[in-house]
Structures are given as C-alpha cells and as structure tokens.
Amino acid sequence: MDTFWELFTDYTLRNVALGSALLGIVSGVLGCFAVLRRQGLLGDALSHAALPGIAVAYLLTGSKAPLVLLFGAGVAGWIGTLLIGRIVRDTRISEDSALGIVLSTFFGFGILLLTYISKQNDANQAGLDKYLFGQAATLVASNVITMAILGGVALLVVGILYKEFKLLTFDPAFAASLGFNPHRLGILLTTLIVVAVVIGLQTVGVVLMAAMLVGPAVAARQWTHSLRLMIGLAAFFGAAAGVSGAIISVSDANLPTGPMIILSLTTIVIASLLFAPARGIVWDWGRRRRQRTLALNSAGPGSGLMLPATDPRPSVKKGDEQ
Amino acid sequence: MSTGFVIMLTGVLVASACALLGCFLVLRRMAMMSDAISHSILPGLVGGYFIAQGPNLLVGFLGAAVAGLITITLVEVLKNTGRVGGESAIGIVFPAMFALGTFLVSKYFANVHLDTDAILYGSIEFASFDRLFIGDYDLGPQALWIMGSLCGINLLFVGLFYKELKLATFDAGLAATLGFSPILLHYALMAVVSITTVGAFTAVGAILVVALMIVPAATAYLLTNRLPVMIALAVGFGALAAISGYWLAILLDGSVAGAIATMTGVWFGLVLLFSPTQGLVAKFRRTGQQRTQFAADTLLVHLMQHENTAIAATESQVAHLSSELRWTPPFAETVIGLALRDHLVERQADRLALTSHGRGRAEAALEHHG
Amino acid sequence: MSDVPLSINDLTVAYQEKPVLWDIDLQVPAGVLAAIIGPNGAGKSTLIKATLGLLPAAAGTISMFGKPYRDQRLLVGYVPQRSSVDWDFPTDALDVVMMGTYGQLGWIKRPGKQQREQAMHCLEQVGMADFAHRQISQLSGGQQQRVFLARALAQNAQLYLMDEPFVGVDALTERAIVLLLQELRNQGKTVICVHHDLESAPAYFDWVALLNVRMIAAGPMATTWTTENITRTYGGRMHALSDVAKVSA
C-alpha cells in the first residue's frame, strides 16, 4: 500500500510507472492489429533491428539525446520491416526465416557497432547499452513527455483510420476491391508499430519488446468478441502490467523493471487464457466433464444421443487457388 | 595454437553445428523457434547454477536443455488451445522465460558472474583461455571440445535420421502414414537444437546463435533445390561468416560474435542480389527478357484466338493491337518486330497473320502454361 | 458500349512469371446471372481478382459500364471466397455487413446510424437478421456465406462478382442464395459467379463463360452449354471427364 501512495509522491516511481503505462497502452492497442494479422513476431524483429540505428545515430551526431537515438532506432526498424517484406515477396524464403534473418543480422551489427563505440570512447557506451534491456528506472520527466507525444500521435492515427485498419486486418482483398490500398495501409500500420517499439526500447528493452505487443492483445482477445473492446482491454492490460511491474521493481531494489513488467503481463495472459468467460480453458474442461457425465447418465437403452463437444471455431483453410 | 586461430576454429565449429540443423528449421518454417529457444535457456542456466551450487558445465547444459524443451512444449500447448496463433505463442513464451531468468539472476545471484551481457554477447574472444583439464593434463581449449562434440552429435543426428527428417519436412502426412512419427521427430530435432544453442551461446551469445542457425541455411536455400547441397552450402557459408567475421572484428576492434552475425547478413545480402536462379538481379533481368518473350507469346495467342472469328480483320490490325493489349506503341513495335524476325507472323497489308510456325508456338504456349 | 456491365478484352494475367490466363475476351450483358465454369487451375478466381485489380494484368483492358474499375468501384460488389478470411476475427455479423458500406463512405468517415440500418436491412434479405449480433466464428459455413452476401448487398452495386458462393454451404442455404441471386437479376442487376459444379450450373444460371486458361466459349446458357464446349473446356483432364459424362447423360 505504501508503494501505491508513492506513485503520486515519489518522482522516480511516478515517471517509471507513467512511462511503463504509456508503453503498455500504445503497444497494447497496436499489438491487437499485429496479432490479428498474424504478425505477432514482427515487433520482436523490429526491436532487434532497431539496435544498429541507435549506434549509427550516435556515430553520426555524437549526441546521446534520447530523441536522436530513438529516431535512429525507428529508421533502422523501418528499414528492417521493408527488408522482411522484400525477402518474403521476392524469394521463396518464408516469413519466419525472413524475420529471423533481419532480427539476428541487424542485432549482430548493432552489437558490433556498440562494442566499436565503447572501444573508441570508454565512457560513452553506458548510455547506449541501456536500450538492450531497457532501464525504466532512469526515465525522467522529459522522456515520459517524449513517449506521450510519440504514443499519442500513433494512437491518434489509429483512431482516425480505425475503420480502414479493421477492414485491412479482417479482409485485405475486400479492402483492395473498395479502393483502400492494403499494401500502403499495411506499411502505415507497421510504421506505427515501429513507434511503439521505439517507446519500448527505453523501458523494457530490445529483448522483451515482443511480449509487450503480443501479450496484452492475446489476453484481451479471450474476454471479448468485439474489436473495439479488445483494443480497450489490451490497452488496459498493458497499462496494468506496466504499472504493477514498476511498483514491484521499486519495492525491491534488486529487481529490474522490464522483466517485472513482462512477468506481470504473463500472469495476466495466463489468467485470461484459463479463466476468461466463454473462451477460458478451464470452462472447456468443465463443459467436457459435464457432457461426459450427462452422456453417461442418459445412456439408457435407445438413447444414443450425445452432444458432440464441437469446437465452435470452424477450421479455416487459406488460399486454395492462386 | 594461436588465440586468433582458436577463435576462428571455434567459430567455424559453431557455425557448422548450427547450419546442419538450421536447414531443417528454415525448410520447416520454424526459424523463429531457434530465437525462442536461445532466449529461454536463461532460466535453465540459473536453475542449473542453483542446483550445482556454482558454475557446473554439465548441470548448466542439462538445465538449459530442459528449459529449451519446456519452451517448445509450452509453445505447442498454447497453439493447441486454438486460442493463440503460432507466432503469438512464441512471442508470449520466450520473453516470459527470459524475464523469469533475469528475475532469478537479479533476485538471487545479484553478485554472481552470470550476467546477462555475457549471454547476449557470448565470449568467443576468450575461447583459447578456458581450457579443459583431465587431472593435470591440458587437453586444449574447452570451447573447441564442446563445439566439436556438438558438431559430431548433429552430424550423427542428421546422418542417422536424414531420410526421416527429409520426409517429415516435405510431407509430414506421408511420414505419419509410413510410421514415422513427425511429432517425435519434431521434439528430437528441437532437443538437438536446444543442446546446440546452449553450447553455441557460450561462444557467440544467445541472439547470434539465431544468426548462425538461420542465415547461412537461408542463404544456401537461395542457391539450390537439393537438400544435401543446401546443407553443405549452409555449412560453408557459416564457416565463411565465422572467418570473415573474425577479421572484421579485428579490423573494427569490436565484438567477434557481432561481427560474425553481421557477416552472415552480408553473405546473405550478396547471394540475395546475385544468386543466378533466385537472385534479385537475375530475376529483374529475367523479368525484362521474359516480358518481351511473353509479350510475343501473348501476341501469337491473341492472333490465334481471333483467327477464324468474324472480327479477325479488326483484331489483327497493328494499330488495334497496341490499344487492345494496352501496350505502348513502341513496345508493340518491338514485339511485332521480334515476331516478324522469327517468322512467327507475317504482314499482310495493314494486318498481321500467323505463320504455321507461329501457330505451333502459340499452341505450345497454351499447352505449356495450361 | 457504356451499358455493358463487364467488358474484358485480350486480358492476359501472369502469376509469378507464369501466365495463368491467356488472351481472355468476355462481354457480359446486363441483367444476366452468369457462371464462370472451368476445371481446377483454369484461372476462374484469377479472372475475378484481375477484374477487380487485385492482380495485375500483363496485357489487355477491362472496363465496367464503359470505364476502368477504379472509376466504377461504387457500381461493383465483391464476394471473396469464404475461406480467404479468418472467421475467428473479433466482430459480429452486422459489423461485417457494414463493411460493405465503407466504399461509399470513403476514407476516414465512420459508419453511422444510416449505415447500420442499411446493413440490418441486408441481413434481413439473406434471412440472418436474428444473427446480427452473433460473433462470426459461431456461425455455420452457410451462415457465414450469407453474411458475405449481405455485405455485397450493402455495397448496393449494379454488378456483382462472387467467388465460389456455394462452397461449403448446406442445401438450404444454397437454395436461398440461388433465389437471392435470381432476385438480383430480376431487378436488372448483373451477377457473375465462379462456380465449379457442372450439374447444378444449367439450373442456376442463365449465362455461362467456359474457361480453361483461355476463354473456350461464352454466351447464353441455352446455346453455350453444349457437350462439345464442355468437353473442350475439360478435355484432357481425366478427373473431370466423369463430371462431363454426368452432364451429357
């Protein structure tokens, strides 16, 4: 309870909690589209691909200002996305391999540059290093304001183009037939995800960013059948994980913020998968057991009727004809 | 052995061990599983450290391998609930495992040498200093022994189960009907991937294992259609990246692991551009050639389609062709010139007519593509 | 010329450097219920997609009511294959049908009360009003197909292009869909469906285009649906010969 009150009084905790909550909201909202478009791991690839951008931005400008570095990160992440798209479109290499290729080679290049920088000028690498694991604890008010502006713009775009993004995600071919160019809309959506990743780098870092996009969306999907509600819930779950992770890590000096946010988030995901009404796995077990007893009880002579435990979701096969 | 030579040799061994398995991961569209496993190993290592009450190679290995298998199982379980897509399942499981590992490290081993940096970067630079002793006898660098054995294990695995792996990769259904369990094979492959990842990341770090698993295999996939050739090429590209990466690192005075991963990307990029069959340059050039070639075929088919119809007279006029087929007049001229040169069509007043040779080719085009 | 709903001239479509449609000519007159028929791999879906600009044409021209498709989007309704989308998407039937109004709305503008009523009306037409707020994954295959049809109705078009609207639907739905399509035709609209069932084709449709990579024959069902034309369409494809025999028997 003490820590809870410190949210409002303690300067550091307030910044950390606000920053993490912002990240949770932005990545929760954008993650919904990524997950529904089956691009859950795109965020992972993007966040890794952003690393060399940080190093290059520093090498070019000599500045360690977060805005400069994050701009570099965004550009590198964006180039990474375009490369993934190109590889998938123009070669027979599948999407997951393309993700892995961009992720690992960009990241390796980033590490190479970071170590190069540190050898050139010992004192300076410390500032760049923190983007690997994120250091929410070092967030200051100006960082939070930057995050709020970036995230706000991203959310605004989603708000304005909500109808188009929904159509793109559900039925890209139909979208194209109506004149909404799915290719360009897709690039715009990915660009917004890059913004979320850029916000996340400071807070949870490169490695854990994947979960910030996927987790809230997957959890939210279990509770509702409406996209609008799913997006709202994902934002809420993301923010809740962010704030609780921040509080836990502040309560114990040894605990890093990023991993605690992810562990809080994982708890929410597991709870949602198990207990969400309608889609919760636990209720499935219950239903199945009840059906079994029902079937056993009613299995008198002549009553071979048994409700099949059918899956309500029809299996969907994709693209049967070119 | 000089320090540099040991580093390069270690790199080549890591690359070979990874590339052997990587080919199957790339072909089975499971490349990102190696990413997931490489991150998930952390809590396993911590667990091993906890059980052995200190750094113990074998226990650490076991812990990490167990963590790898847990990850794979969790991903499968999540996917099988039908509530989470495959890629989302991966995106949930591995960050959770990594976060758990980081949490355990910071909570219980805050002062111990098990820092996450080493797990990300690896320590191939020190390969020649960490030596394996039996009694007092110095057997040489430990990393060489580990990676050498892993290479051997993977070679044995791929060699023994080559037929089954190939079948399960290209036709899982058939494999199942023939009595090979694709699921069992899947877990066996994943187990070997886990062990290899554990061994490799002590040398090159967690994320760079992914580079060596996937990138050389994908590079090779751009050059050949044959699995044995692909495996050989992948090993070759991995070794090439290891050696060139070492020199790049020397040049820039940076991380060897980072440089090796960078070089896998450079080789991939070069092949992506210049592969004779799949390369972008070749494809671009081919598209240009094929465009004219294909346009000539289109012209012939067009003429044949309208040969005996009432509107044949208008359909085969030169001016009409360029507007109907939506070709620019110069392009239409080029195509018609080509067809005239090859005696596929002949000019009759202001219209074109198929020669018998041209008709043959039009029919062949329809047959061939139909 | 401008009253021809669909006019395709010398269309050639290549897919990954391989041609899949050769020099297609097709003029579909107004007020017909037309089927595009041909064996697997004949390019039926490709033809629909190329017509809508979803696949690029290597050569040839396509016009609808005398103009290219991009100027006539509001006159054209499209029903993609049911299997082309993920039905586990979090939304309900009414919302999917409302997507049919997005074309009229254009960019940014949100659907409002009017669009909602329009969508509801379309759901009524396909007999799905009671399912308006049902999550789409909980609908049967036939119901999902009805939702897709209602979405096309919401487009309020003059020309409808439908890709395999009868695949995976129950007999009752199939009948209902046929009646609906005939009703559309009777209103003077033009409906073109990709169809693969030779047996039902002559009963359902009054116009037909027989396709196998190139256009074999096209015209009114009565004159075009001949054993000779069907054999030419399916000729050489062993698996289809039994179907042909069924038809001519």
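We call the chains A, B and C, going by the order they appear; numbering starts again at 1 in every chain.
One rule holds in what follows: a residue touches a chain if its C-beta (ideal position, glycine included) is under 8 Å from a C-beta of that chain, and two chains touch if they have at least 3 such contacts.
Keep in mind the model is a prediction, meaning the values are calculated, not measured.
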Contact graph of the chains (line, ring, star, complete, other): complete
Strictly by count of touching C-beta pairs, the top pair is A-B
Chain-centre distance (mean CA atoms) for subunit A and subunit B, in whole Å, is 25
Subunit B and subunit C have mean C-alpha positions lying a whole-number Å distance apart equal to 39
Per the C-alpha centroid definition, the whole-Å distance linking subunit A and subunit C comes out as 38
Residue ranges of subunit C touching at least 2 other chains are 20
Residues of subunit B that touch two or more other chains sit at none
Within subunit A, the set of residues that touch 2 or more other chains is 38, 221, 313
The subunit B residues in contact with subunit C across the complex are 286-287, 290, 294-295, 297-298, 301-302, 305, 324-327, 365-366, 369-370
Listed in rising order, subunit A residues that touch subunit C in their complex are 36, 38, 160-164, 166-167, 169-171, 173-174, 176-180, 221, 224-227, 229-230, 312-314, 316-322
Counting only contacts in the complex, subunit B reaches subunit A at residues 26, 29-32, 34-35, 39, 78, 81-85, 87-88, 90-92, 94-96, 98-100, 102-103, 106-107, 110, 116, 120-121, 205, 207-208, 210-211, 213-215, 217-218, 221-222, 248-249, 252-255, 257-262, 264-265, 268, 272, 278, 280, 283
Touching subunit B in the complex, subunit C uses residues 9-10, 12, 14, 17-20, 22-23, 25, 57-61, 212-214
Per the touch rule above, subunit C residues touching subunit A in the complex are 15, 20, 40-41, 44-46, 49, 52-54, 70, 73, 76, 78, 80-81, 83-92, 96, 99, 102-103, 105, 107-111, 135, 137-138, 140-141, 144, 151
